[in-house]
Amino acid sequence: MLKSWKVRIGLSILTFFVLLAVFGPVVGGDPRANDIQAISQPPSWQHLFGTTQFGQDVLAQTIAGARGSMLVGILAAAIGTLIAILVGVPAGYFGGAVDNGLNFLTNLFLVMPVLPLILIVAGYVQGTGPFVIALIIGLFGWSGGARTLRAQALSLSSRDFVLAMRMVGEPHRRLIFCEVLPHLTGWISAMFLHGMIGGVMAEAGLAFLGITDSGSISWGTMIQAAQQQSAVLRGLWWWFVPPGLCIALIGTAATLVNFGVDEVSNPKLRMARRSVVVRTRKVAEA
Amino acid sequence: MTVRWAFLARRLGFYLAAAAAAIGLNFLLPRLMPGDPSSAIVEELERVSGQQVPAETLLSIRAIFGNPHANLAQQFADYLRQLSHGDLGVSVVNFPVPVADLVWQALPWTLLLVGTTTVTAFAIGTLLGVVAGWKAGSRLDAILTPFTTFLSSVPYFWVALLALWVFGFVLGWTPLSGGYDADLPQGFTLAYAGSVLHHGVLPAATIVFSAFGGWLLGMRNMTVTTVREDYVLLAQAKGLSPRRVMFRYAARNAMLPSFTGFAMALGGVVGGALLTEIVFSYPGIGYLLYEALQKRDYPMMQGVFLLITLAVLLANLVADLAYVLLDPRIRARG
Amino acid sequence: MSVLTVDGLTVEYVTGDRPVRACDDVSFELRRGEILGVAGESGSGKSTLITALTRLQRPPAVTTAGRIEFHGTDLVGLSPDQLRKLRWTSLAIVLQSAMDALNPVMRVGAQFVDVLRTHDKTLNSKAAWARAAELLGMVGISADRVRAYPHELSGGMRQRASIALALACRPELVVMDEPTTAVDVVMQRQILAQVLRLRKELGFAVVFVTHDLSLLLELADRIAIMYGGRIVEIGTAESLYTKPRHPYTRGLRDSFPPLRSELRTLTGIPGSPPDLRDPPPGCAFHPRCPDRFDGCDRQRPDLVTIEDHAVACRLYPSGDDQS
Amino acid sequence: KTPASSAGAAVVYGKTDGGTTFVRNYNVMGPATDKAPNMELVYEPLMRVDYGDGGVVKPWLAQSWAFSDQGKALTIKLRGDVTWSDGQKFTADDVVYSLGLPIEKPDFSIAGITYKSVAKVDAGTVKVVFAEPSYATLNQFANILLPMVPKHVWSSQNLNTWTNPDPIGTGPFTVQEFKPQQITLQARSDYWGGKLPMTTYKIIPTSADALKAQLLKGDIDWASASWPNGEKEYVAKDPDKHLYQLYSNGGAMSVLFNTAKAPFDDVHVRRALALTIDRTAVVTTLQRPGTEAGPTGLSEQLFADWLDPAYKGKVQKVDAAAAKAELAKGGWTVENGALVKDGKRYQPSILFNADWGWGNYADILINTWKQTLGLQVKGAGQPSAGYYDKQNLGQFDLAAASTGGSGVYGVYRFLSSQYLTPVGKSATLNQGRWNDPETDKIIAAMQRTDNVDELKTLGRQLQKIVVDKTPFSPIYNNFYFVDINATRWTGWPTPDDFDHIPFVGMGPDTILTMLKLQRRAS
Amino acid sequence: MSQPVLEARAVSKHFAAGRSTVRAVEDATLALLPGRIVALVGESGSGKTTLARLLARFYAPTSGEIRLHGEVVKGKPREYYRDVQLIFQDPFGSLNPLHRVRYNLERAVKLHHAVRSKADLDQKVVELINRVSLAESYLDKFPHELSGGQRQRVVIARALAVEPKVLLGDEPISMLDVSIRLEMLNLLERLRAEDGLALLYITHDIASARYLCDDIVVMYAGRMVEGGPKEDVIADPLHPYTQLLIDSSPDPERGDRNKLFDAEDLGEPPSLIDPPAGCRFHPRCPVAMDICRTQAPPRTELTDGRWTHCWLQEKR
């Protein structure tokens, strides 16, 4: 899997940001410290990414924002993925009445307009910290994954090796956990990555709308603060470009990893890779 | 044929159930959540006037909007009765204007902006996706695909902000907010249409810009997979023109999965590109919802949300119908 | 007179660290109206050969050597446009699984119509549909099914429709890749009977690929046996059955229990076919060969003609092999 | 093409605090929060508050008035030259009807009235009766939410659902065209206040960002929005035509102490924290230099005559030593970022409204307290709704809150124990739960007099209490922000010289501004 | 003659497909005896797999009963699987690609035998793998490292761990390369001989059925049409369908090559949703009579253990 450059690059970027989220605040400096002498300064040696209108270091904020955003993203993804597993896998594996009920639930959440729903709920639950936001995002974002897992579990549960192990006498619990679930790890990890970037994006959107706790620093709240101070209009680009780019980078990384994993698991995609095509052409021309 | 109808009947049943659930949820949400409309009004008054609302006033506001402790069943019955008349209630903030009026006022804008851009983004993304997938591994593909991966990961409101700055402020090519030039009389005049276009072009462009990448990526991979199906191979063997093979055989089949997504997106049109509408102060449903949220206008939130949900359900139903036409294999599926 | 002359065809898959040579120095000749059977185990390169013959291969497959002469023109050198002119009017194909070979979202008739009208610009739509119905009738499918979608036909009908489709433009050569593995014996017999009948009428030549040697022995005029990407033996069906020379051919022949003659314990061929990603040196068959002798694991035998058929085995030394 | 270019003699106002669309609701007294904008140009109140003069109440539709019965009765004499826009005369009947509405229908009392009854004396005079001496609450008649409405139109309507789409008022404008994204008001030719220089007044909705560009381009003449760094980004580009003005609104952004809770029930703690607020840093980042608030919370621009000379021009600088001394005096120490006394630890938090984007200013306060006292205060941002909930319920230690009102009495009246509620019960005023008999005594005295000299003396006593006992500590002054592009219209007041504020939404002040504009000769 | 281990008596299985019913198996009767191999042949869709799965209790029969050791089976199938095991057609599909060979065998052993120690377990596993003629070294391989034949051996070894009395093979060799099919058949033959297993061998290749089994049962469109000792059935088929099947099977030794490919077009096998009334073969039967169109033929018992469902035989 690591042979794919897409996976390698994607994973390196993700790892970088995870490390940043974990250790960044130690090295990044205090994101809230005000330097009244340096207000709205463009990037310089003192402040590599410049400063905000409040004299706060944008680099320190971006680093601190990594933690805020990634925390929400990872948490939301974890919650969403967990629900998707808990709903999708039993539905597919057991079928019948269990499936009917769970599948209805999944379809229901699938057709609910998620963003407005999140907005409304987040709006109701005023004064939300990152955990609540992650919970809300996760709670409303599992249905697509559950549908995929259900379909996969459904086909897996009737696969011969599951039937065969059942005939050998394995109990359902072991069949689900030892036979079915390991086959879903690819889907689950893709879903997790997808959920993570979705969480980061949703958090940014909510922050932009002023729904999250603006006291905590995330890339979303950075953009929102910049927007509130008309940073865009005033050309303080160094204030809002880094957080947006970070989000885009994480998103790109996650997509790349999923893309690469797809290529590894789907030979048709693998054969369409540029490296393959170029090599083929070279051989043909030789 | 009968299998197909059975499939549709089942889907219809599901949508009815889902609509019922949505209505129930819509009713319950505000009632389950902390806070009540009357506090919302008081706060809003305070915000606007910058002063404390006197106690006497508070009492009077409670007299109208309060009563959060009435019997739930009775409330639900009332709610349903209201709905059955197409009555979404009265906006608290814009009292006593009916929510339905405000919604109808905003709806065309959203349909226009988000509707056209959703279709455009889908069309562009799908088309480029087919080409990239068809020429998988070519230089075009090698450039386009990673580039759109990045594009589709950029937060779209951020793009909107940047676009507004560059084209609105710096270059001054486009207006900064609103849906049309308010000075012009509304109507089907050329000038008015021109102004609507002028105002819409930037929000539309940002939506298309950040949305087509997703379609492209999905379509590319589906096309790559489809191109290696036997029926495409056979189509090539038949000596058909590459264009025909690409569209009639490969693209036509590769499109089926993204069609579901497209239906979802169409359903989402009513919900609007919320953040884009906010950035551009576009007078659509998204902005309406945003305002309702900010001012805790519960009837408005409920009305808008119900509308959005029903639109999604409707779009999905239509998609199912269309799917039956597009994919003759459609069989009984949950 | 030969329709097709294949000479030294070599196809490689350029994946992984080392290219996989799935067709290695394949040569044969096909005469007008002849049925050439190609038999071999799974992975022996049959499908690779077919896609290379019809120039339908996609990356990572590359034809690295050899010529495919169709009436004297080398297909390997043709441009896509030139090839397109030859397709279906001269060279048609039937794929392994008919379910996947028909476009699921197009009516069966329409798939006839578009090929008919592509190659005959004068044909109007109505006439094309009529012709499609006629072609389907030829393989025993009633004309009213012309508007059906592929999934509305049974497996056997789809398979027959694919064959009718292959004959739509009266090609000289039809290449068939396991056209009947998905259907059962009764239907298989019916379909093949039809193919034979049509061949008598239309006079096309057939390359017929399958792993069912017993079927080929009944059907084909000549048979090529593939093993590990190479043709190890080629000859008339009769001679191959009665006096197979290559140990593999013999083993293969004896892997089919008889339907009528007396039963005795058969052993098949112990071991498994080679992995072409890592082929054994020398003769690819030597690890499984009961008759191998010193040097089989080093020297790769060439195809030599002995009497009525050709064989690639060191038991039958060719001139230069002696040295 | 810009709205203004086609507008002839129009004044274009860019409205930023509404949504993208307007609602045609001119039911001016109804309880909806979003109504048609700038109704004060159609409906006028009886009086106005003169902010240029310490918030003294001045006549408007009322010509004069007099208190009797120790301030419990008020006789109002009306102007005789006022007509409704439908041509009918404005009479005492209309006033009795208008002032009677909130009494009759409590839900129409959005302005908050204190009088008990109103009666007609003659065609040009009405008499209002109060339960308490009410010299200090005269300004309720200057509230634009208590305007005069025509009895002959209103009395026949169901006011709970009526949206009054074509309002008839005494004001200088009538509604000419109402579109969701643009309202055009037409100047009356028969306005009692005189001839208006413009023919129309246009209101268009815009966003804070878009507004700035529109002002720079000159699409908009007039707006009310703050523009941090506006001096550089706007005024400097064309000082003659680009005006960005700040008028004190008599209030200040302050740190409010919850005096019902330890440790802020201790004056030493309050003083210590007040001494270590870096006001200069806050106004620097606000990009509003020179607006640091004095210790009384009364702005010098407005209250020059009322301010105790001892506090004039005084802004508390950060004084760590003095603050530490205060803590020591109270017996407090700071350990591990917490306030400690008698073995009890307190780790305070500061409540602020996240919707105002105040988190960054809270950070400045927090940082200074940490640097100077070692005290770690936690930031507790809340969106508007939660912010007000928490504040009203007294569930906070420190809160960044706005203080203010008209007149010294108006600014300080919230300190009265009259408004006191226990923590956990919602308060409408006095969220800091200030309970001080001395304060109560002075406020009560102020309510009983309209003698200016007496009021000034009482006001200075209150100032001293605020400074010494520190129930709250002002940070920076609050302003009315006015943005003007004077390309088309001149004659705008300036903060150095004004008797009315050119701020839209101030009712009579807005009208006065408009009456004095002149078209710039091109 | 000994007692059947496993019996199906007049079992039917109908599937619901939307509003219609698929009559996949109708009135099937079958007995498996220890040490004997029964071959079930028939074309695709004739209900062979369904019958095997009924016998493996993946489905409950719509009617009829299944008897194990003479007793009607009911309740949970856990116990049942101690005696009956099924080998799937696809050796690639019936081994979880994520588990090593050892895991598969160990699980089976652990679930059915009280193993006391690791050594005990190891010994049992090695015994099993040796029974199917694979070396110990294969234990630590993953399925993808094995060839099809080796995989199928592992599957059989896993089934043998249970020590069943009956082995049901659903086309166990059809996915294997022709050259190694015979080894599998020989292995099954050995197990029957050594352990006295009762074996059901499902196939559509009548020649391999003849090679391995003792008795042949022919199915057509969900119904059994003929059964009896293999040589008799092949040499002298009683049912026209059996005749057709044998005629259609490739046979290089056949005399007249050309005539064979004159096979007439008999059309498609019938739909099981709405099967033909009477004998299900009648639309394709060259000798169909009027009665065939209306009444299903009963089972006619003949000498030597042969039986058939055909009006021709009944009339005789």
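We just call them A, B, C, D and E in the order they show up, numbering each chain from 1.
Here is the rule we use: a contact is a pair of C-beta atoms (placed from the backbone, for glycine too) under 8 Å apart; a residue touches a chain by one contact, two chains touch by 3 or more.
In this text, all values refer to a predicted model and were calculated from it rather than measured experimentally.
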| item | value |
| --- | --- |
| Chain at maximum distance from chain E, centres defined as averaged CA atoms | D |
| Pair joined by more contacting C-beta pairs (A-C or A-D) | A-D |
| Centre-to-centre distance between chain B and chain A (centres being mean Cα positions), rounded to whole Å | 22 |
| Whole-Å gap between the CA centroids of chain B and chain C | 53 |
| Separation of chain C from chain E, taking each centre as the mean of its C-alpha atoms, in whole Å | 31 |
| Length of the line joining the C-alpha centres of chain B and chain E, rounded to whole Å | 56 |
| Numbers and ranges of chain E residues touching at least 2 other chains | none |
| Two or more partner chains touched - positions in chain A | 126, 210-211, 232-233, 271-272, 276-277 |
| Interface hub residues of chain B, defined as touching at least two other chains | 35, 137, 164, 169, 228, 294, 296 |
| Chain C to chain E touching residues, read off their complex | 41-42, 140, 154-157, 183-190, 192-194, 196-197, 211-215, 217-219, 241, 251-252, 255-261, 263, 265-273 |
| Footprint of chain B on chain C - complex, ascending | 51, 54, 56, 58-59, 80, 83-89, 92-93, 95-97, 100-106, 114-115, 118-119, 149, 151-152 |
| Chain E partner contacts - residues on chain A that touch it in the complex | 159-165, 167-170, 178-179, 182-183 |
| Residue ranges of chain D touching chain B (in the complex, touch as defined) | 1, 3, 6-7, 17, 19-21, 23, 25, 27, 30-35, 105-113, 145, 160-163, 179-182, 204-207, 209-210, 213-214, 217, 249, 251, 355, 384-385, 388-389, 402, 404-405, 414, 428-429, 478 |
| Touching residues on chain A, where the partner in the complex is chain B | 99, 103-104, 107-108, 111-113, 115-117, 119-121, 123-126, 197, 201, 204-205, 208-211, 223, 227, 232-233, 235, 240, 244, 247-252, 254-256, 259, 262, 266, 268-269, 271-274, 276-278 |
